[in-house]
Amino acid sequence: MTEFLLGASAFILLMVAVGLLRVLRGPADIDRVMAAQLLGTGGIAALLLLGVATALPGAVDVALTLALLAAFAAVMFVQSGGPGGGSS
Amino acid sequence: MMLVGNIATVVLVSLGAVFFLAGTVGLLRFPDSMTRLHALTKADNLGLGLVVLGLLPQVDSVPGALKLVAVWVLTQLAGATVTQLVARAVWRGGGRS
Amino acid sequence: MTPATLYGLCSAVLVGAGLYGALVNPQPLRKILALNLLGSGTFLLFGVIARRGAAAGLGGDPVPQAMVITGIVVAFSATALAVALLLRVYQETGRTTLEQPAPKDVV
Amino acid sequence: MSLAVLADAALVLLVLGLALWINAASRAFPAVVGYVAFGLLLALAWLRLSAGDVAMTEAAVGSGVTGAVLIAASVRLRAAETEAPPLAAAPPALPLRLLALLLSGLVTAALAGLVLWTTGPAPSLADQAVQHLPGLGMGNAVTGVLIAYRALDTLLEKVVLLLALMGIWSLAKDRYWGGIPGPSRIQPTNGALILLARLLPPIGIVVAVYILWVGAAEPGGAFQGGAILAAMWLLVMLAGLRDAPAISRPWVRLCVTVGPAAFIAVGLTGFALPNGFLSYPDSIAKPLIIAVESVLTLSIAVILGLLVAGPPEQEP
């Protein structure tokens, strides 16, 4: 079971990492924010899998912290006027 | 009982992983910001939801299980709000180049 | 290769990448980012040393780990101050550099 | 454990790829998004190095709060990115770039050599740290080091935070001194965001207290809890539910100084009782530490929030 959970964790991490190509390609900054959002959710999933698989102390609490801050970056971007321009 | 739990874990976590795969493919392949947002929310909701559901049989304490569910609920809240904000920004034309 | 060695090599590359970016990139904000990379690499090296010092039933030596926590918070305060300075310079002069313009550039 | 090695290798490659992107991106904002992702992956790496406390700090401070500062700055500096000299600095000439590359390569090679050649177990203070934990009523050695054995470092770090805050405040224009931090809001608020800013902070406060409390025995503690509180406060400000407080308010001044002050006060009483500055009497060590940590958490939260909010840009 441990091996399966570790494998699933690595798979999800790689998947959302591929999604980071959106950060490279854009075209608009809002697309990059979306890619970061997906990485955040995937990172939380990978963290939970890793934590349950290897019984790391604190893994679920780190996931809890990340979940609380999940919207923070995107909210900061939108509320500081980010989407108003800046596509390259 | 253990076996049933393990099977449930394998099935649900695998399903969740598939949703993350779908989310990534959608984010990369869909043509504009609105449709990409659509792909993103599926991975957010169902991907993480299924992974959490699948992990529940592996957790042996009730507080531990509740914490997992709390992580999912909080991510939902964040995801829903970000989707709203992004969609509104795209709608106002900020998302198009 | 143990995981600790792997992350150790990762930290070495991070330090190099951060140093290069801080030296070469002309934009101040990018320099701040690069310095943060450099810092993260240094912290990670501390983490590797802590991991190799695992003893007494702990996964790592708690002393370097505690130092890294302090370091992360100090790195944040330095970043916040640097960003505030940069924004103020930009607000005041409309420029993002302190270099004096060469006489021929002055219009 | 082959899969674990594979996961480690994948994580390292991702971290390095993002580091390259942060340096190579043509504009600042994509680089900053890369940095936020980088911080998240680094938190995973810290967990793999059995450093749960550091992972939590990296997630909350290294990626979360730092990311917020950088995102806001990159948006405000967007117009400056297309500027050429004399408004912006020019990139260095090719020979200089090559020289910088050589230097960075040498540093990397030296560090990598160090990592590869010293394979044996490193000297460790873990035994000494664990030895005295029961006397403090603690199970988490990292918190023990932060609050007890190396308390002076932690105290000085609070002072650094305070100095940074004073540095940022002093950047205010004269007429805004004592005023409200941050630019006046131009963005319309949004129903969904307001809902989030009403729902999340109560949960966040509970989680922050839990993280602080559990920090005595498991990963967690004052920094992590304080950073979560700061993020919740900032969320309320960003949603427009509350303005940032004018920095001349007495309660603001009190909050930012009470943590370090309490720390110093407890430290000085150490002279009167057992062994000197910053030592705790064994019998009341635990309640004392919890009291100091709670006050510190409050101070950290307010200072971090105000550091993100920036210098005053509105009149009081």
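Letters A, B, C and D mark the chains in the order given here, with residues in each chain numbered from 1 onward.
Note that a residue touches a chain if its C-beta (ideal position, glycine included) is under 8 Å from a C-beta of that chain, and two chains touch if they have at least 3 such contacts.
Just so you know, these numbers come straight off a predicted model, no measurement behind them.
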| item | value |
| --- | --- |
| Shared interface partners, meaning chains that touch chain A and chain D | B |
| Far-end chain from chain D, centres as C-alpha averages | B |
| Dominant chain pairing [most C-beta pairs in contact] | C-D |
| Computed distance of Cα centres, chain D from chain B, in Å | 27 |
| Centre-to-centre distance between chain C and chain B (centres being mean Cα positions), rounded to whole Å | 32 |
| Chain C-chain D separation of Cα centroids, rounded to whole Å | 13 |
| Distance from the mean Cα position of chain C to that of chain A, given in whole angstrom | 22 |
| Of all residues in chain D, the ones touching two or more other chains | 4, 48, 50, 53, 76, 193, 196, 200, 203 |
| Touching two or more other chains - residue numbers and ranges from chain B | 74, 77-78, 81, 85 |
| Numbers and ranges of chain C residues touching at least 2 other chains | none |
| Chains grouped in pairs wherever the two touch, ordered by label | A-B, A-D, B-D, C-D |
| Residues of chain D touching chain A in the complex | 3-4, 6-7, 10-11, 14, 18, 21, 26-27, 29-30, 33-34, 36-37, 40-41, 43-44, 47-48, 50, 52-53, 55-56, 59-60, 63-64, 67-68, 71-72, 75-76, 78, 185-187, 193, 196, 200, 203-204, 207, 211, 214, 218-220, 224, 228, 231-232, 234-235, 238-239 |
| Chain B partner contacts - residues on chain A that touch it in the complex | 1, 4-5, 8, 11-12, 15-16, 18-19, 21-22, 26-28, 30-31, 33-35, 37-38, 41-42, 44-45, 48-49, 52, 60-61, 63-64, 67-68, 70-71, 74-75, 78, 82-85, 87-88 |
| Residue ranges of chain D touching chain C (in the complex, touch as defined) | 4-5, 8-9, 12, 15-16, 19-20, 22-23, 28, 31-32, 35, 38-39, 42, 45-46, 48-51, 53-54, 57-58, 61-62, 65-66, 69-70, 73-74, 76-77, 80-81, 83, 85-92, 96-97, 100-101, 103-105, 107-109, 111-112, 114-116, 119-127, 129-130, 141-142, 144-146, 149-150, 153-154, 157, 160-161, 163-165, 167-168, 171, 221, 223, 300, 304, 307-308, 310-311 |
| Touch list for chain C against partner chain D, complex | 3-21, 23-30, 32-34, 36-37, 40, 43-45, 47-63, 65-70, 72-81, 83-88, 90, 94-97, 99, 101-102, 105-106 |
| Complex contact set, residues of chain A against chain D | 3, 6-7, 9-10, 13-14, 17, 20, 23-24, 26, 29, 32-33, 35-36, 39-40, 43, 46-47, 50-51, 54, 56-59, 61-62, 64-66, 68-69, 71-73, 75-82, 85-86, 88 |
